[in-house]
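Both complexes below contain chain A, partnered by chain B and then by chain C.
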Partner chain A sequence: MSVNWVLAWRNLWRHSRRTWLTVAAMVFCNVLLVFMISLQLGSYQVMINNSLAMVTGHLQVQHRDFLGDQRIRDSVPAAAQLAEQLRTTLKLESVSARGQAFALASSEERSFGVLIAGVQPQTEALVSSFPGLVSQGRYLQPGDSDAIVIGAVLARNLKVDLGDELTFLGSGRDGSFAAAIATVVGIVDTGINDLDRGVAQVPLGWFQETFAMGDHGHAVVARLPSLDAVPAAVADVRGQIMGHSEELRVLDWDALQPGLRQAIQSDLVSNGFMYAVLVVLVAFSVLNTQLMSVLERTREFGVMLALGMSPGRLARLVAMETLLMALMGLALGLLLGALLIWYLAVFGFTYPGMEEMAARFNMDDRMYPQVSLPALVWGPLTVFCFTLLAAVYPALRLFRLQPVSAMRAV
Partner chain B sequence: MSAIICKELCKTFRQGDEVITGLDRVSLAIDAGEFVCLSGPSGSGKTTLLNAMGGLDTPDSGAISVGEQRLDTMSKSALANLRLNHIGFVFQAYNLIPVLSARENVEFIMQVQGMPAAQRRALADDVLAEVGLAGMEGRLPSELSGGQQQRVAVARAIASKPRLVLADEPTANLDTHSAAQLMELFVALNEERGVTFVISTHDVRVMGYARRLIRMQDGRIVSDQAQQPQGMEPA
Partner chain C sequence: MAGGSGVIVVLAWRNLWRNYRRTLVMLLAIATGVWAMIFFSALMRGMTDQMVLNGLATLPGEVQIHHRDYRRDPSVANSIDAPSGELLAALQQPPVEAWAGRVRVPAVIASERDSRGVTLLGVDPDAESELGSLPEQIVQGRFLADSDDRGLVLGASLARKLDTELGKRVVIMSQDPQNDVADRGARVVGIYRARLASTEEQYVYAARNTVQGMLGIGERVSEVAVSGGDYRRVDEWAPRIAAAAGTQLEVLTWTQLDPFLGSMLAMQDGFTVIMMVIIFLVLSFGLVNTLAMAVFERVREIGLMQALGMRPSLILYQLLLESLYLLLLGLATGNLLAWLTVKPLESGIDVSGVAEGMEMMGMGTVLYPALAVEDMLMATAVVVVLGLLASLLPAWRAARLDPVRALNKT
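And now, the complex of A and B:
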């Protein structure tokens, strides 16, 4: 091994406590970054999946003009039949057809505007978590005709309970007057007030009949096993509907819920700032260590200069010392971070109050960080690079050393 | 042929408001293979002259050459290269690298010179044996006596086969016995290898080894005379 590397390595252990403290700061920062980033990415997955599970699913087939204005006439023909075709195409059961219309819902005492969704009871539970959030009564069943499930806030506002009847007034797809009566069979409490205030679900057949939809719906919704499967599924479905109708289009979750990505990007920026502060703190710790190391060896560096070493070689020596220290921090940080994330990814973790919240929102009661290479290496590699950068200033100081004055240093 | 030529060297230092004269129009020539002692009280300019000869410090005015090269007009990197390949230094405080063994201390400079690993290891062991440290190659400086450390420093200085060795108070931290051994080593290297030695000292015992004794005072040469070496004299 080169004497330079031997010297750099041994120099690190001249003050072993100081070196270990600096390495420990790097390791702590690395483990924390690995944990936080993995957890953050994991929580985004949960957040996206939970949001998508509630209403939109991972992808939808809609009329090309429906998303913007949600007009009743911008519909999908033969929606139930298309859903059946897509089940075959995607080799997935979790595909369901829906229709929706705005109407005035009236009880004996009050009236409120609602969004009535016509759903396929047998498959809706596979694409949405909504059916699992029934707090009173039951969800829709195959064979139901004039049954309706409404949100808890709407039920309160209309002052209705299970078994009560609601009258609906609206416009049909053909512009005709739409009116019907449905019986409340279930009340849903999603915990999201906006949803609980304005949503009602009825069987798709009843919806189509009431709103003169024929066999039309407004969306065919698919819920996929994971977000990673979305691009391929979108391509498959696009191929499937190409010959079906030129008026249809396939929308992925990002198009259906653009706010979700914005929320994630905003969260990434704010957390990124916190991570940057952490990394800079560690870099300053390394800068301090290396600066002290250089200052206390001024005399030794003076001797080396006198013996004919160039300042560049001395700077390289300091860089090698920093590199070795940074490699130790990187290796130990990666190892401990990976072990921690592996454990938490397998067993998950929870915190006080999480179980109650999870039960309330029909979510998993444990959190699982996402195990991925970017989450594992991004933080430690950033710390590594900043650690090396921190050696630049101490190394540059060596270019200002004069052999005679340096050798006089105490 | 002259190893070192100094012409009208001047050097001053500022200490607060006071201007101290380090060298005051110093001129001298030292031939290749000479064994020279610079003597004089503290502050007489010995170390300043030695630093100028080694290219460690540049004079305010005057000219200085080592061999064919003008030191006062050379760049820093050229000076570093000259010191690395042609000048050996021995310091009062040994100045070994504490975390490297005796062999590694000697090897280190040879590595900077670009010598292959196997060759420099063999050469380091040979030089350490030459200075009487065979069997101690793997010891750290802290495991060696002062005299032994100074021998490692000499081995480091001569390993690159320099034409000139500059030694600044090399025996100041050594007992009489170690000092005598070191001076005999210098004499042997001077006689056997023809290395030019310039040693600054105010130790009269060391001066006895010199064939030329230059006395300095207040930055000036006050006497410059050849003498018959007598070896270590009782203090």
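And now, the complex of A and C:
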């Protein structure tokens, strides 16, 4: 058997330039795929984690009607207490209760409708990245009551500064008239206009009092260490609230922000399409090479057949040649791809126009690839398989070879 | 030698078909590559158009005229007089196709159940209809009849969140120039649907004169939106409007109003070229290989031709021509394929399965690929230019063969 391998190896180097070019095509495609897939997966991770960190968190407990309509009366009873229970259940500090209500916020000069969120200052800082983005003043502290933190755009539109007072008019949970005054203690600047226009956070207790919420909130939000921990945590929390109330539901990030997974899916599909084209093109290149190498050896194969070698063994020889070539492509592609990814994982990657894009999709303005085995081997392995497939046609031709006419072929 | 080049043309063509299998495989590869280039650019162009059009629909118009301070402080205090004099004359000249003055102020809308912060648009239905900025679809009731209509038109999503419906009364509150709250009750006369749910939740339509009356601002408006038809050519006429508007007003094009949308166009062009070059690079290995093989099998023949007095440059031409034929045939097939596959899809690909994801990227639930002649020409140019460049190396090597050695090669 080892004679065959030696033969196959030597045959490859009869046309070293052709072999190298074909291997180079594979390597190029492999490196490209490794690069694109790793970067893509890396950016998804960042996109998911960043946008979840902004507001949503990894999972929330809500009233079952709240997600769709966000009405003030679809609330969670004893929200702060529930948050405390979940902290124990999940063995995590990063669980926080929230409430939200619409109100007309007025400064001395301007009025705007805003969505006011009541938060637990201490734990909110563990759940959301807002508290860390305070650009002026400070974030809410435990013990605050009529204090408010607002977004930079909202502050500009309302023409208020630190220390100014804002008046709120709205309606409470029971439909009563709600009015209150709070002092601006901090201004958050996320750099994302839509968010900076919408943020208005007050302490949960003050919020409940103002909007006649009693001990109710609208959501208990948990931020987990990683995406992988979500399913288990959802199950735990579900077990916990089961006896609590019929009205409550546990929602994971996918249910809370369906757009996120879908955006990723559609991106995966369209990119997958592109990768498939690249792989097919490489397969064509290999097909051509192997076809040539079979055709030019027609006489040689004729002689071998005449000497009693079976067509099957010849086909195996061609298959082995392809396998060796594909293995070279795979090994070199993986090596170079891994080096590239390692470099990018250290230094990051950026391209012109990415900053605007990054701001819109809550991303860092540098991308770091995902360093993982699947991201690394997925592309090269596909190329490898298609390369082997491409050799089927040239190998099959051997079975149709007639020794006598083959030996006479030019 | 005049006849010489004629012979070369025929020779190159015949040479191409000496090994028809190889040529066909390569042809197939080039056609697939070209098809993919055009198909992807059509998809990308379609997506970009969608994003820009959706963006423009909420802007609206390709050029907007505001008070200098309006964008920083979108209050009614920063409104402007309805266009007159020189500006009016400029607005009535082509290529301006339509313009509309509108009141656009932040407001709070309250039903008996709930309240929300919205943007109140005081519009003139006729002018808006010419501008193409009316809601896409009225699903219940009617749109505003004229500028004096007393009713309100809400988005379907907003109506659901407010727990209100057609025919019910709601209260709309905003601020007048003296910073007092101006409010009035109004009946919901129509419910509209937009491409994006966020649009439905943000914009509430009322008649312009009614809003002006409520706010006590006479004939003043917040913005004048101007459209000239083709959003890609706005820079040609925007400066004229700016000159006519004078220095007191701020005249901005959509690329300045929404830098993200503007950068989309540049990004699309950039991505298209990068994608084409990547596909070509993968293709080029096969191309060079094919040509190198063609030269290799003809070494003796080329040696003979040289010995008989054919100039090296003619050999170079011949091989380049051969490559050019191959490229052109592949291009023709690829372009035709792309045309055949994209044309039927131009009526739209349904992607409602990932609707929320598409919305995150500012797109609707239907993808409309847009086949553009520019993209086909671009693909052709990329393939021909880079293809000939890649062919230069094997062709140049063939032209430099030493006749004596070449003739003696077995």
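Simple rule for what comes next: the second predicted complex is superposed on the first by the 339 of 410 C-alpha atoms of A that agree within 3 Å, B and C clash if a C-alpha of one lies under 4 Å from a C-alpha of the other, contacts with A are read in each partner's own complex, and residues count from 1 in each chain.
Just so we're on the same page, contacts are C-beta pairs under 8 Å (C-beta built on N, C-alpha and C of every residue); 3 or more make two chains touch, one makes a residue touch a chain.
Keep in mind it's a predicted model, so treat the numbers as computed, not measured.
In the superposition on chain A, A:P231 makes contact with neither chain B nor chain C. Of the two partner chains placed by superposition, only chain C is touched by A:F112; chain B is not. Of the two partner chains, chain B is the only one that A:A306 touches; chain C does not reach it. By the touch criterion stated above, A:Q70 is placed in contact with chain C alone, chain B being left untouched. Considering which of chain B and chain C touches more of chain A, the answer is C. Of the two partner chains placed by superposition, only chain C is touched by A:L295; chain B is not.
When the two complexes are overlaid on their common chain A, residue A:G132 makes contact with neither chain B nor chain C. In the superposition on chain A, A:R18 makes contact with chain C only, not with chain B.
Overlap of the chain B and chain C contact sets on chain A: empty, with no shared residue. Those residues of chain A lying in contact with chain C across their complex are 15, 17-18, 21-22, 24-25, 28-29, 32, 69-72, 102-104, 106, 108-115, 156-157, 159, 170-171, 175, 257-266, 270, 273-274, 277-278, 280-282, 284-285, 287-289, 291-292, 295-296, 352-353, 356-357, 359-361. Contact residues of chain C toward chain A in the complex are 19, 21-22, 25-26, 28-29, 32-33, 36, 40, 43, 72-75, 106-110, 112-118, 160-161, 163, 173-175, 179, 181, 259-260, 263, 266-267, 270, 275, 278-279, 281-283, 285-286, 288-290, 292-293, 296-297, 351, 353-361. Across the complex, chain A is touched by residues 51, 54, 56-57, 77, 80-85, 87, 89, 91, 95, 97-100, 104, 107-109, 111-112, 117, 156 of chain B. Across the complex, chain A meets chain B through its residues 2-4, 6-7, 10-11, 13-14, 299-300, 303-310, 313, 402-404, 407.
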